[in-house]
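Presented below are the structures under discussion, each in the form of structure tokens.
Shared chain: chain A. Partners: chain B in the first complex, chain C in the second.
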Partner chain A sequence: MATEKRDKEEEEVKTDDGSLKIKPRPIVQLGIFLVAHSPVFSVVFSAAGVLALLILPLLAKNTYISENALMPGSARSMLSNRDVSDGSKLVKDIKNYRLNHEGQGVEVQKLIGKYMSEMGAEVYYQKFHPEGNQFHPLHFFSGPDSYTLLDNVSCASYGVNVAGIIRAPRGDGKESIVLVTPYDFINGGDYEALSLGITGTLFSLLARVTWLSKDIIWLVADSRYGDYRPVAAWLTEYHSPSFKDSDLLKCGELNTADKFRRAGTMAAALVLKVDGRSERFEDTLSIYAEASNGQMPNLDLINVVNYLAVHRQGFYVKVEKVVSLLSSSWLKIIGEIFEAVGKLAHTLNPDWNFGIPTADYLEGSATLASSLYSQALGIPTGPHGAFRDYQVDAITLKVSPRFPPDSKTRQHDFFLRGAKLLEGTIRSVNNLLEKFHQSFFLYLLTSPSKFISVGVYMIAFALLVASLPMVAASLYIDGCKALNNSTLNPAGNFKSWKWLDAAKQVFALHLFGLIVTLLPYFICQVPGQHSPSNRSIMWGTTSSSLLLITFATIPGCSPFSSRRHGTNWAVLKSVTISAAFIGLCLMSIINFATAEIGALLLVPTCLIVQPIKPALRSRRIKSLLGAFCSMVLLTIGFPVMLFAISKGLFGEGLVGLSLGGEFWTWLESLWAWKSATYLYIGMVHLPCWLLCLCILFHPS
Partner chain B sequence: MADVGGDMAEKELEKPTYGFWIWAMASVILRLFFIFYFPENFKLSSRPEVSTPLTSVRRLAEGYWLKQSSMSPYAGSMYHGSPLLLSVLGPLTSQWIEGQSSHHLCSLVFVFADILSALLLRAIGQKLQKTYSMNLKRLGVLRSSGDRGILPCGDIAALVYLWNPYTILSCVGLSTSPIENLAVIVSLYGAVTRRVPLAAFGLITATHLSLYPASLAIPLILLLGYGLDAHPLKNFLHTRDRGVETGSTSDVSKQDKLTRTTQLPFLWRTVLHFVFWVLVLSICVLVLCSLSLKQYGGLEEMFKRTYSFILNIEDLSPNIGVFWYFFAEAFESSRNYLLIVFNLYILLTSLPPLAFRFKHRPCFLAFAYLVMSSIIKSYPSGGDAALYLSLWALFVNELSDMNNLFFILCGHIGVSLLSPVVHNIWIWRGTGNANFYYGNAMGYVCFQFMFVEESVNAMLDHDKALEKATGKMTKN
Partner chain C sequence: MKVLTLVMLLCYSFAFSSGDTTIHTNNWAVLVCTSRFWFNYRHMANTLSLYRTVKRLGIPDERIILMLADDMACNARNEYPAQVFNNENHKLNLYGDNVEVDYRGYEVTVENFLRVLTGRHENAVPRSKRLLSDEGSHILLYMTGHGGDEFLKFQDAEELQSHDLADAVKQMKEKRRFKELMIMVDTCQAATLFNQLQSPDVLAIGSSLKGENSYSHHLDSDVGVSVVDRFTYYTLAFFERLNIYDNASLNSLFRSYDPKLLMSTAYYRTDLYQPHLAEVPVTNFFGSVMETLHTDSVYKAFSSKTSNNKINSEMPLNQLSEHDELQKANIQNDELKTEKQKCPYTQMRVDLHKKLEKLENVDTVVNLGIAVMLLVVMVSSSLL
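This part shows the complex of A and B:
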């Protein structure tokens, strides 16, 4: 915004230049210089933005534990073999029961509940209803919604969570730490049962230790309907109790009315999952941290887990990465170039140590890409996402043991190490006096022990969008000049109103974008069962007819209207770019990753687009090339096209006719998870794309 | 999105007049739609951009409830508004339309207030437009009366008021600012149409409701004393000279008329009439207030809980102004000093200079005062912006050469959209902090300031340009 201000200030001075010979201030002069050479600078800035993005893995810093109170690994573990045998017994009991009994009941839950109460915990059961997808377009701006009970609850499908609370001997019951183990009580595999074993072992220890100052809640979430839903349902019940008796409570044999217990505010939450066998020699621990809308837990939580897992328990810790990038040749070349530059710099000055080996660079970029992608999607990567809605820091730990699930001997060791890791983490969190606040909330990970903070990654984005206000200002000046020359304005003196027509068009198309964004809500209300592709066809037809109506009713809005109504394309482009700039800046605050990826697409399109007719008429190579580029960028920029291309890139193959359906399903997942990315696509990307299309076919 | 709606409306105005009524009706329908179908969980009425401690209807309902249970409405620092407004609006908050759980009746009152304000603005605008074109004709700048250059500023202002997102939000979002705005507009309307009691009534009501409109007394007195917005006297003298030089009979008669208008210096009688009415009405208001608060501490309590609450900046919950943060940080010992400095700052730096510079344009002066008070108010809200933006639209003809309008518009839109986002990041997600929100508030204030600065500059330029034009004519 500061740049734009500068640019406009300059513009004012420039118009005054003729009459008043005041020498402008240096900053204004700089602005004039930038705007006057805006084509060059826009290319330079955009290229620098892309380069800065590529350089990010080099700039990653090592993580460090910022909060002193945490003191990870300073205390000796108190886990004993007795605890482990308790945990093993629990797993054995569950397995035996599952072998002998089939069916729906809640016996497994009761088994776990019995185990918990034997340890001395307060146990309760919670029933929840697996909700369908709901459309919350504006959910982002409101807080977590209060739990609305469905009126027509059927007893046909519901899940039952078990939770046990250990009251801390040194606590006052106002703070708690949550452990979550999702377990499918009906179809859960052997690996899943191991997670119960680890937590059971830990629970047995925590029930008798004296150092606890925060209550421990162990939630065994019924993951029959996905991991996320039971945790979210439990959290809503925890934070916003409903005072109306739900029909759900009376379902089945288990009566859960008036039994819900609480244990104060949550300091942190750990979700533990065990799945699959590790491909490596060591046990593998994957950390998942992304919650909805690219929110991350405090970096300290990840640091503590990473520190304990690597330095104490010898896990191989990893975060997700885009595997296909590891083998991409172009990235490898870039990595080699950076390595060579780094070496060269090191020879010039031994203090310059920014070069990293190509392999590290590849690894870092692949992790960074995955981090960006999952943040940009805005969909939580695990049940920990539900906690973030209540400002609780949470991560999911997915452990893959290196042994097959039935090996008894290895299991003992595995339980011991897993429980020790959790014990150490809980002990650290237990030490906290305040909630996590010391370390970063806004960061991207390039490896479990390396991160890029907001101050660094914002530079890439800022460089990318910096060219927008510059070009907007220069186009605005050009457009106003052109208008002054070409038309004799009847009002005579309405110099500063030239942009009004263009603003009207931009506003109309943004309004259209808003309506298109809200349309799926009404399409979902259409009675009857429709396949996703039918729905997408409905959506497509209604939006395109709406677009036609917009073009028809508002004169001057359509790219195909006569020349008299049409606005000057330079002014239109200037207003479009301003709108895109505002949209991108807003989005960068809501969800940085979405804005970064959106800017990579939108900025070049907005900068390069020009009316195609004069280019075709002139037949000069340069203008033809420009027209071709803008055509290509606009084709890529269409959201559906983009979706197809990204599917192709991720190796899932182009899907032809069912594309519409898949696109619909993808968008449905976005709004079901309340992702602001959906709003961005509908209200910033789509209107700007349409406006660029209008400029491309502008009749000038 | 702040003003684009208004701009759309502006464009429509070049069509015949029934366009105005269509757009006005559409805005009313939009309001009704929002009132009855707005998603509940959006909690518009608790957003700091919409309702402040002074204007929130939820607080008013609380005050009414306290009064019904025979306690002081000001108990517990919930309600800080006028006791008379409580008596008028209070019963509506407890009346529920069957099946609806919120204060829909109140919202309907606000819709009505908005319509009334728009109609009054339109009347003011028509009056201003007439004088503007008459003045131009007298100066000889404008030859034919049917010149296309003059926009119907009354219609534009009314539609800008009706379609401004700020107005719509504060109307739908249960804030009493539509009523406060109506009072201000009534006072201006009274002064423009020279209905002195009405002007005094509007001024007293507005001051009683939110204190800051008291500064409007200066423009109102100027308006009643000097008449509607015109150009500086010098121009008229120029034209008179020209009349003398040419010496033709028709010009002489015109010159007589001109001399009469220009030599009317200041209508002391009207102004005294106005002052008299102001005194009478303020005594009436005070008596009514003391009657309604007889059991609960009387006038003293009211002054303490309303005006002193405004001037002392007691409520430090975040709003779109700049004071809450400052006074949350300030040390308790220096608080009084800072309060005096800030309140005097408003009085001394903004009011007198503008009054001297714009005594020939009292309506514009009123606009400038309203922007200034919205910038340095203790509890500003979107409703204030709604009011001054529509008053600004009254001067589209004069301000057509305003610089940087596009940039200011973009800034306003950006800041207005950023505000809920930053608030969300601070309050709900916990990843931001108060500095984010305060930074946004500072940005908002900067843009408001740029807006008033550019408007004032454009108005001065306009006067200068007219002077030049008439000067050239006299030379020729």
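This part shows the complex of A and C:
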């Protein structure tokens, strides 16, 4: 306090003196310096942001088990041949039954249930309605499935899950571990049945071991209606019991009323799937971890599985990657440059070992891109996503054996190794005393054993958006000066309100964005069956007419109005950039990957965009180039265009002219999974894109 | 004032002259495992192994305070219910019959540990949970758990610092709760825990130096955890060769630690401990080996011993008295005693007995001493 006062006095003395200027604090000086040189710094920061993103594969660290209690692989496997033959018998029985019987019954479920109860487990069946998720604007971010209590359900289609619970012999019954094997009881192939074999083998063992401290639940999910839905339905019933008898319970010959059983809170869940034949010499294990809105399970769970699979059971472990990036030449060149720089640095100082071979860099980048993309999309990559909604750490393990499904001899070995992997993982989780909490929740994977933590990957985003407030401030100052020069009217004393006109326009367009975001809900309410393309056309027309109405009703909003006293484009751009900055920062909290990819598109567009008319008038190469760049960026930035490009990038070619329909389906999937990316596109990206368009065609 | 100082002097003399000369009459052991959780199985196994060893070497259960912070035997994750092993061969169940755990689970706290050492208990605490040692006790204090630089973690929630330990030992010494104390610690950076110790007659040994970790010895792949720490494992290996009649010295124990096998350097602090380690049998701490002494009459040895003590205790007061010669004799006597009070125990006893026989005029010495004391008191009070 005292020093502050003295400072003030000193300042006053200096100002009274008149000749001396107040010396601002260093931080203010730095700010003024940055704002004054904003064009240079904005380019430097944006370039650094992109470079930081490219450099991420180099900064990836090796994963490590950070929870002491896990101790993976410290216990010897107790699986015996008897367990394996139990599992093989189950698979054989199911196959035989499926060969001899056709139809819709629940006999296969009963077969599995019988196997479970023979093992000494508590068995029950659960019926669920395959009703998919529907878009409701109010259900974003709300608790999972608050709308499942449907009153008028038909018995026409429903699925039946089987679940068995092994109680821990000396456990306290407060915790459980969940094993999920999705299986289509009607159309399931031979490979799918193998997952039942592995889990059956494991279940046979777990039923007789003495070391369980958590109950084991084995859920055979009826994947007739997709993998996700049965698991989600089971989880809903597990966590929010309904005390009203649903009509569904009485459907069919199987009465499942009052049978639902529970174990304690779930410590972890493992989803096991077997599909296809491995392309490699070894059996392949793919790990899927992304849940809705870029949420990840604790890294320790992935580490345990990866450790056991690689070092104990000899699986080839992989995570998803963008295959097309592996062969891209520009990325290869970048990788080579990084390798050369790394080598150079190593010769300068042998302690600098950040260089990695180009091939590793390519692998890392492709995996990182896939990791970023899956997180940004906000759609879970498997049934494990349903668990994340209840804060349960879960991953999907997809195993591809290297043999055809009818090879008996290989099958025995495959069951043994698969069950050993699961046994080791379960024993590790069984050792846990608390929820997973030691390791990271916010990370990106660059390989199954390498990760980038939040502290590192935030840098790229921070650098990208850092230029926005700087440029906004400098533009605002420029805009105010320009206004003062052009309009020397007495209203000039409302100097600080210059931004209000621009803010009105920005607000109007954001409001428009909100309405466009909510429109699909009403379009879905339109009676009658409509194809996705029809719906998208409906959506497009209503949106564009709404946009015209907005331009017409709100004065000074339209880019085509020729009124001189419209808003100054510099101030408009300044406010637009501020809005984009706020939107991106908010999004980075909700889903970092979306914000990162969004920033990659939005930041250059916002920075580069300028009115096209003066540029065309001046006919200077530099301004023409700027105008061309902004045109290109704006074309790419249109969400539908973006969707088409990303489709092309990921090698899923477009199906002719049904772009609108595909886009609609894509968005439908986004809101069905309650992905915040949808909100981001509607409420941040679209308005900012429109505002940039306004600036581009600004009549100045 | 002077009276007060005198009285204090008197007390002081009482307190200090007697401790060194009392003979070793009993043995106690305080065995502490400070860590919870299943993955710390080995700490409980360490403690139970030592419990078994000291019991085998003769310390009775009522003189062992066993503190176990968690119950591994009944943990649901234990593949062998109600059994604890310290070796993967599973030959020896440490948690068999007759294991008396005095403090278990959440009772094992720093507070309770310090209460045990210093003897400050609530009235309701039963005798079995108290360390009822006296000035003739040899105490073994064994601790294991997770430690660091000058601290030992208790229960994952609190920690015992080296200051706390030193303070507790000091209090014990002042309260004459031990004759000799041996502290054995198996934690990471165990040596740092002894940094603040100042009290005499304390021998300390730790499993590792500052900056070193103490490692587990091996993993039991059936139980799925490490079952014993290296330092304790090799300590036990040393004791397994011994029986109650063996005369192995502390020195041989300390020499048996090989830094290569331990993967850390065992550290022992002897500056507070006078006797030569080579002459102290390990059973002085890890066992309870008492020589029985045949006396002619029931009370004679006892009474002569107390009178002898009294003389010693009054020595500082009598320094200017006329009984110089006698005192010299006494002092010599003392020296002789302390010299002889070493390993060949019976020999010393016999010598002492002979000396006592020679001292005919014990009673007169006492009476004279009291008279002089009274005189001094009177003079000083009159001066006041």
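We take it that the second predicted complex is superposed on the first by the 659 of 700 C-alpha atoms of A that agree within 3 Å, B and C clash if a C-alpha of one lies under 4 Å from a C-alpha of the other, contacts with A are read in each partner's own complex, and residues count from 1 in each chain.
Criterion: a contact is a pair of C-beta atoms (placed from the backbone, for glycine too) under 8 Å apart; a residue touches a chain by one contact, two chains touch by 3 or more.
These figures come from a predicted structure and were not determined experimentally.
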Go through the superposed model and pick first if A:433 touches only chain B, second if only chain C, both, or neither.
-> second
Identify the partner contact of A:75: answer first if only chain B is touched, second if only chain C is, both if each is, neither if none is.
-> second
Which chain makes contact with more of the residues of chain A, chain B or else chain C?
-> B
Counting only touches as set out at the top, which of chain B and chain C does A:391 meet: first, second, both, neither?
-> first
Could you tell me if A:171 is touching chain B, chain C, both of them or neither one (first, second, both, neither)?
-> second
Which partner does A:61 reach: the first (chain B), the second (chain C), both, or neither?
-> neither
May I ask you to decide whether A:213 touches chain B, chain C, both, or neither, giving the answer as first, second, both or neither?
-> second
Sites on chain B touched by chain A in the complex = 1, 4-5, 7-8, 10-11, 39, 41-43, 148-149, 151, 400-407, 409-411, 413-414, 417-418, 420-422, 424-425, 427-431, 443
Residues of chain A defined as touching chain B within the complex = 1, 4-5, 8-9, 11-12, 15, 138, 140-146, 295, 388, 391, 441-442, 476, 490-497, 499-501, 503-504, 507-508, 510, 575, 578, 582, 585-586, 589-590
Residues of chain A touching chain C in the complex | 68-69, 71, 74-76, 168-172, 209-213, 427, 430-431, 433
In the complex with chain A, residue positions of chain C that touch it = 37-39, 74-81, 219, 221-226
